[in-house]
Structures are given as structure tokens and as C-alpha cells.
Amino acid sequence: MRDTSFDQLDDLYQEVILDHYRNPRNRGEIPSPHVSARGFNPYCGDEVILALNLDDGRRVDAVAFSGQGCSISQASASILTELVKGKSLAETRRLSQLLRSLIHGDELTDEELDLMGEMEALRGVRRFPIRVKCALLAWATLDDGIEEYEGGQ
Amino acid sequence: MRDTSFDQLDDLYQEVILDHYRNPRNRGEIPSPHVSARGFNPYCGDEVILALNLDDGRRVDAVAFSGQGCSISQASASILTELVKGKSLAETRRLSQLLRSLIHGDELTDEELDLMGEMEALRGVRRFPIRVKCALLAWATLDDGIEEYEGGQ
Amino acid sequence: MTLDVEKIRRDFPILSKLVYGKPLVYLDNAATSQKPRQVIQALVDYYEGYNANVHRGVHALSMESTERYEEARRKVAGFIGAPSPENLIFVRNTTEGINLAASSWGAANIGPGDEILVTEMEHHSNLVPWQRLAKAKGARMRFIPVTEEGTLDLSDLDTLLNHRTKLVAMTHMSNVLGAINPVKDIGAKAHAVGARILIDAAQSVPHMPVNVQDLDCDFLAFSSHKMLGPTGIGGLYVRSETLEKMEPFLTGGEMVLEVTYDYATWNDLPMRFEAGTPNIAGSIGLGAAVDYLESLGMEQVHRRERELTAYALDTLKELSEEFNFYGPTDLNARGAIVSFNSPDIHPHDLGTMLDQGGIAIRAGHHCAMPLIRDRLGVAATARASFYIYNTKDEVDLLKAALKDALRYFSKTLAPK
Amino acid sequence: MTLDVEKIRRDFPILSKLVYGKPLVYLDNAATSQKPRQVIQALVDYYEGYNANVHRGVHALSMESTERYEEARRKVAGFIGAPSPENLIFVRNTTEGINLAASSWGAANIGPGDEILVTEMEHHSNLVPWQRLAKAKGARMRFIPVTEEGTLDLSDLDTLLNHRTKLVAMTHMSNVLGAINPVKDIGAKAHAVGARILIDAAQSVPHMPVNVQDLDCDFLAFSSHKMLGPTGIGGLYVRSETLEKMEPFLTGGEMVLEVTYDYATWNDLPMRFEAGTPNIAGSIGLGAAVDYLESLGMEQVHRRERELTAYALDTLKELSEEFNFYGPTDLNARGAIVSFNSPDIHPHDLGTMLDQGGIAIRAGHHCAMPLIRDRLGVAATARASFYIYNTKDEVDLLKAALKDALRYFSKTLAPK
């Protein structure tokens, strides 16, 4: 009988990812948040619910996520909550763009990689096309939430 | 350039058929007939309208057909009108059965062949499956008309 | 006589394919089956030998394609025991078959206050069309519950199925639990209160003998792609009395008798329900799939799959600490589908891991979200589903890969 | 650069087939086209190499089939100049595409007193769905007349197209007359009164460059089987603003976002309009057909067919005593279709005769009964229709066979 080899997987399941999956940061809810949105992937059932509060300078003050799904979608959401804290809405959008570039395989500058922090660990999904949606779910949800928030202003 | 050879066709287009096509018998209408029916083949547009009057003994007294279509459907209708004259309704049904048997390739007795008369010329359609409906159209229409007539009695 | 699986496997070109350098272990048959060369060849023969539009042509190719198309209808109708080929409407898939029934029969026969009874284990395709119809008509949806074990709870059937019930729409076999439902008994009870029964046979027709006259059902829908046949084709059986009274579904060419600028009249059955140029090659390919299955014998197919399911359940039992397994324990009441879940690995992650070993399973809600969420209480499950070409060795490979995946995840992970 | 027809012919396996011992002369392309080996091979590659259900699988085969399925959508959308693949819904055929538009858009946007404008040369598939909708909604059908010559009579267009018109539904090219209609101009006029335009492009997309953005149409439907692709697949283009507001068509798996026992929400575009497992192989095959046509260039295809049509009209002119020929005389306003009729031989008989010589033409009403009966005043016509692989030699064979048929009939017949 052959061995199932998971060598290829180490790229996908980096320590950072699995750590966020098992020990999610900022998991929970925020009562009446300024920005809130729910994202759902109909093909695998992954769900991410995001809630953000903004301070007077319209920077992210508090952030929480809930939902359920695979390690990639949930870790990505957890990483997101850490990254966006203290950022302006424009900066969060920039981060969302950077993740797309990363997954798309674009060359990134050192400054950009710096901004991304742990999000860089999601680079591995590139080779697993079906998992790209998992990695992007939280960020797409955030974009939607912000768009709606700004539309309502 | 090759010749288009129509040898195979002589079976289909027997003299009798083409004669009935060009010189249809009993073409026309009967005012308020006892039995009437219209048949239509949606695939080629062939149409046969039949009208019959019965005498006191419920034998076919007068018969007429109208409609339009290919040589086979129209010749078959013309032959029908000649064959059914003087027949009882049961006898016409028998004839309709005989035509089906003929086309199906069943062995027929001399007595049966006798009954069929010129209808035997339709034997050739057997090798042209798409034309079978043409040959049967008038007879299927007659069957429908009689069924409706008897249902109304 | 048992099936010669090695011989069968040789008929399926894809089974000799390597995935990431490893032989393919295809355990996603409930989603779609693989195709034997006989079916693929039937498509090639059609396109290379006698491709032409059907029903209207006087030329040789058209006569041949028409004859083969209608021959396919006869085969498929015969395969499910339909009294006549006229009872068999070619549709794109099970989903379209159910929509056809909802639109052509349902819209005319279901009204305010009426009830539509389904089960809690329906595929979206046998749930959403009825929700939509109920909403449009002011009718009410009712549900036969599912037990903990994953079978139907019929204890309240006499209340659920009552004189307001116009239709029972239920799956013959669940694509998540593998449960085989007593559709014949429930159909008889439905008829006793004047209701009709529609059977979603997407998972049963491919895997066991199904006879619509024996089941005495009013509608039965299935998909070619799950039974060795091509994509884009399937069948809807409708009982004659019902079919004759049904309004057309889609309109246009082929389904009309006569057309004027002002009105149209409808063609004979079953063409009345097939508008436009049909999936001719697909139908002929489905006919070839039916030939293939009949050459094996559906009793044999069913027996062989039960054997494999027994072996799988037995083998995977060793992992019952790590995984929850769903579905009936009674082997006579389940087909060759095993759904499972681990609190430690999300099915999606598990699917990716197994894929690296060449093992194709499905992970997700299997188009049965309410069942998965509300009854199984999870967001997704992993599912292995078998067919005639699967082997015990493949079950062993699955078990080994599941173990490896667990090891990988626990190795990599700090404990919770 | 002109097309190398001999090279093209070698791509079509069926063209080397003998019919009654004679080489096949296939002149029934308006009914369905033949398929090049590249398309057939694409189907075989799918079934032998990566057959799997799309959109939901984490395993390698499913990822590949999903990618190829969506790639096919991109190709087909690009072929008709759609702004995005999201605008392209895969349907079974033109007929289903039109029914989808009638059901999802028409039912919500057409009401009592509204008008639907069609032409007198529509195929049943672009007539009957609108008749049915008009009847259900209390709307009125209006008709753009056809002239003696077989073109549209637009002299009353300003009356026919008015503020009550909600939809113009018209064929781009008539499958009987070959007439190519000024859909762009009429579309602009439709938009000026606030109406939408649906184009039945079943006969145009296969034969000439078609760009939905240039035409500025709201809906455009076509069939794969008429454009070198497999049966059972086709496309419906819908303009984004319209598509976003449209209610679903069929419901079930694939087209939902979330489902509970009580309700369902809809998936993104265009999946929202594709319920159940799609015709995956068919879509991929259509993608291959598009590749093939693009490799020839649609301008080239159109030019070549115009040349052949010119030759055919010229050649057959010799028979103008014996036959009536229908359709526009202006070659810029007609495609590669020639319909004709003789008072002496019914088209059905003619079809049978030509078939004996291996020549496949169509005889009948071509699913345009009202046009044939009420405008041409006959019950049926004979029709020869050409495609990229037809040759001038084949036109000569047609003429010779028509002459032979006339001779046969007059030889056998006593004069009238």
C-alpha cells in the first residue's frame, strides 16, 4: 500500500495558518458595530461574519469575527482581525488588494510584504485554486461591509 | 460527375401511387358528413381531411378527401376513398389493420391481398421509414374519425 | 455470479489516470460517475457516423439519428420499467425533471391551503422548486423528519400526510446519508389520501433495480451523468393519466403540432415536453450507459455495492473515535454512500489532503444544507461514495489516508 | 486569405461517409451542422481525462473540470463579444434560451395591454413562447410583415413599434429565407421607445461575426449544435442591468446561495440561472467549436459562405422554370440558405429522391409554419443550407440531382 504523502501541503498549511485556526484571535461579536457583514461560500459552506467599530478618526478601533469553515477561511479571518486594527478604511482596502496580488502571484515589494505581516502565509493557497475563495472570503466580506458602510454615510 | 440513380425509388413510387397522386379520386368535400376527421403530420406538414356518409345499414355511402402533402400521403388517401366505399365500419378498420401489417412486412394471405386492392402498392414505403407516416396518415385519420363517431352514438 | 471488477475497471479509461503521480481513487460517485468506453464510443459513433437533427429529416442521416434517438428512449424507459417510451421525457438532469413537474403539473394542481410533503433529507433540487411553488400558490410545505440515525421518522406520517396533501416529493436515496427510503409504502399512503408522489431517483436509478410500475409512482426523475452516461441528459417518468393532462413546459420547435401567427397546438407525447433540438448525442449515450448497466444486471450492481459498503463501514469503524459517521446502520436500508466528519479536521481540509493522495472525495453540504446544518448540526461533511468499479483496496487506501491526515493535522498542530 | 476547404473537410470525419454507396453531400446545415474532430476529441478528452462534477469539488478532477467549464464560458462569451462571462448563461439550445427570457424577464415585465413585436419570419421557438406569454398576461402580439421577396417590410415600423411595445423578439437570420435582418437598427428604435430587443441568433452566430455590444441587444440566444458544437448546449446572452434584476428560471442545486427548510437565496451570476449539474462536456465541446471557428475567422467564414450562396443561386437559376426560389436577391442581406419549391414534386418526395443520391436536404415547414403557409402560400419547401465545408462541386451535384428528380417524376407521370 502506498503512503499518502502530504509534502505538497506544507505550503498550504503553514504553522501560522494552523495556529490561527486552532487559536483564533478576536473571535466573538461586537454589539451594534459600525461596520458589519456576512460572507458565505455556497460551494463549501464556509461562513465569516465580521464586525468593526471605528474611532473618531475613522480608524478601526475594535474588530471581531465569527462563523465557521475550513482552516484557511477561519485563519484568514483571524489574521484579518489582527491586521486591520488601527487601520483606516483605505488602508484595509489596500490590504485586501495586496492579498489578491499575493495569491495571484504578483511580485510584491518589501514594503508591501511588511504591511501584510502574517497574511503572507496564505501565499500557499495559490497552488490550490479551489481554496482561493476560502482565503479571500473574510477580505471580500470586509470589502462588502465597508462599501455598505460608506454608501450609508 | 456521378449520376443520381433512382432505381431504389421505383418500389416507392409505383405507377399506381403516382397515378392517384396526379389524378386523385373523390377529392372534395361532403356537406355535414356522418364521419369527419382531419389528420396532420407535424414533421412534414402533410394534411388529410376525410368525410364519410353512411347508409341505413351503416355502410360507407359517400366519401371524400381534401388536404395537401406528398405523393404518398395524398395517393394513400385517394386509394382509401375507393376502397372503403360500400364497406362497414368494421371492414374499414380491418383494412387499416391490413395496411399496417403490409408495411410491417407481415405475410398476408391471398384473401387479404385481394381485400387490399391497390393499397398493396404502398408496400414500398417499408424501406423508407420516414415515409411510413405519410402512407398511414389517411388511415389513422379514418380510424380517429370512426372512433369519434362511434363514441358519439 | 459476482461482478468481475477488474474487467469493469478496464472499461473506464479515466481509472488508469494518475493524479499527482498517484493512481486515481475516485470516491465521488454520488456527485457524478465515470464513463465506460462503450458510452464514450457511442458519442463518437454518433458524431462521426450519423449526426443529424431528429424527427424532421427525410435524408438517411436524419432517419438514422431519429431511430437511434427513439431507440435510446425505449431503452431508458425499459430500464426503469415504464409501461411505454411515451412516459419518458428527456430532460437535462434530475433538477430539470423536478422543475418540469412543478411547473407543468404543480402549478395547475396545487393551490392555497394545499400541502406539499417532502422529507428533511432532500437535495436542494427537490426542495427549492417546491418552496417556490408553495410560496407562489399559498400552499404549505411539510417535512417528514429525520431520526438521529439518519432514517426517516415515519411515526407522524398519518398526520403529515392528510387530505390537504397534494404531493409527496421525496428522495429514493439520500445523497448524504445513503438512506434508502420506503417510497413504495409512502406512495401507497399518498394515493390513499388522493396525493401524488414524485420520486427523486438521482441516487437510486444508477445503483439498484428501479421499476416505476412496481413503485406505482406518479413522477420519477434521474440524471444520466450519475449512471455512467453523458452530462446534460436525464429522464422524467410521468404516469400516463397525469402526463396526458399536463400543460407544456417550454415551448417552441418540436413540441408543437400546428402553429399559426395567433396560436399553437401541441404535439403528441412525449415530444410535447421536449422543446427545441434535443440533446441527441446525450440521449444516445445514456442509452449506451443503460446497455452497460443491464449487461451487468442491476441486482448484481446493487449486491456488489452493498458488499463494498459493508466492508467500508467495517473498515472505517476503526476510526470511530476520530470521526462521526452518518447514516443508517441497517445495510438493507442504505446505499454506497458514507458521510463522516471529524471535530479536528474540517471536511474541506480533509478533502484537500486526500486529494494529494489521489483520492477524490467530496466535502461540503452536498446540496442538502438544511439537513447538514439543522439535523446533523455541522456546516459540512466529508463523503465517500462508491460505484461498480470501486474496490476493497480503495477502501483500505481511504482509511490509510484518513489516518495520515489525522496524523498530519495533529503533528502540525498544538493541542487545542 | 481564403479558407482551404479541402483542409477543412478533412477535419470532419462524417464527410468521408458513404450514403447508399455515394459520398455524403450534407446540405442540411441550418438544421444542425457536422462536427470537426477537434470538437469530438474535446468530449473524449473530458470523459477520459477529467470528468467530474463542477464547482463544488476539492479534488483534482473537479478543479480541472470546473476550470475548463468556466474557460469554455469565457470563450463563448468572448466569441459573441459579451462584456463578461457573467453575461453568458449556458442553456440546452436556442429554444430554452428564449423560454428563459420569456419566463424570467417577460413574466415580470410584460402586462395587460403591452405589446410584443415579432416578425412574420420567426421560427416556432421565437414565436410560441411569446404567444403563450401574451395570452397569460393579456398582452398583444404584433408582426413585422414579410415582403414578396422575403425581406422584412419596415414601412410601418413606426406604428408597429410604439410606446406600448415592451419587447421586440426577432430572428437575426431566417432559417427559411436566409434573410439577414437589420437587428441593430431595429434594436436602436426599440430602445428609443423603451422596449427591449431579443435576437434569435440561431442562424447568425454560426455563420458570421456577431457582437452583442455592437448590436446593443438585450438578449441573444444561439445553439451549439448549429455551430460545429455538441448537441444539448447553447447560450443566452443577457445585458447586465437586465440580468441582475431577473428572477431565477429553474431552481435547485447550483443556483442557490443558501437554503433552509423555509426559504432559499440565489447564487451569483450567471450560476443563478443554471440549476442542477450542467452539460459540462457539452459546454467544453462548444468551447472547442468556438476555437475552431475563431481559427478560421468569422469574417472569412461569412465571406466564403456568401461566395457559395452566390454560386448556388446562379447555378440553380437554370432551374427557375421548374422551381420557385425564395428569399432576398441582395446577397448582402442573405445567408447560405436556399429554399425552393416545385409545383410538380412535393418537397418531401424531392427530399427522398435526393437522399437516394446521398444528398441531404430538408423538406417541410422548417418550424416556421405561419411563414410557409401564410406568406409563401405552400405547405412545405425544400431547403439546401451550406456551411464552411460545402463546395461548388456539391452545388453542381445538387443541381444535377434536381434535374434527375424532375426527369424521374415526369417520366413516370402522365401529364397533369
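Each chain carries a letter (A, B, C and D) given by its place in the written order, and its residues are counted from 1.
Here, contacts are C-beta pairs under 8 Å (C-beta built on N, C-alpha and C of every residue); 3 or more make two chains touch, one makes a residue touch a chain.
Small disclaimer: the values here were computed from a predicted structure and weren't measured.
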{"item": "Between B-C and B-D, the pair joined by more C-beta contacts", "value": "B-D"}
{"item": "Most distant chain from chain D by Cα centroid", "value": "A"}
{"item": "Length of the line joining the C-alpha centres of chain B and chain D, rounded to whole Å", "value": "37"}
{"item": "Inter-centroid spacing, chain D versus chain A (mean Cα positions, whole Å)", "value": "46"}
{"item": "For chain A paired with chain B, centre-to-centre distance based on mean C-alpha positions, whole Å", "value": "77"}
{"item": "Of all residues in chain B, the ones touching two or more other chains", "value": "43-44, 130-131"}
{"item": "Interface hub residues of chain D, defined as touching at least two other chains", "value": "20, 56-58, 62, 256, 258, 348, 352, 354, 359, 363-364, 369"}
{"item": "Parts of chain A lying in touch with chain C, wherever the complex brings them together", "value": "1-6, 8-9, 12-13, 15, 18-19, 22-23, 43-47, 68-72, 128, 130-131, 134"}
{"item": "Chain A partner contacts - residues on chain C that touch it in the complex", "value": "20, 22, 346-349, 352-354, 356-357, 359, 363-365, 369, 372, 379-380, 396-397, 400-401, 404-405, 408-409, 412-414, 416"}
{"item": "Chain C to chain B touching residues, read off their complex", "value": "55-58, 62-63, 66-67, 256-258, 267"}
{"item": "Residues on chain D engaged by chain C in the complex (per definition of touch)", "value": "13-14, 17, 19-20, 24, 26, 28, 31-32, 34-35, 39-40, 43-44, 47-53, 56-62, 92-96, 98-99, 120, 123-129, 131-132, 141, 143, 223, 225, 230-233, 250-254, 256, 258-264, 275-282, 348, 351-352, 354-355, 358-364, 367, 369-370, 373-374"}
{"item": "Footprint of chain D on chain A - complex, ascending", "value": "40, 42-44, 129-131"}
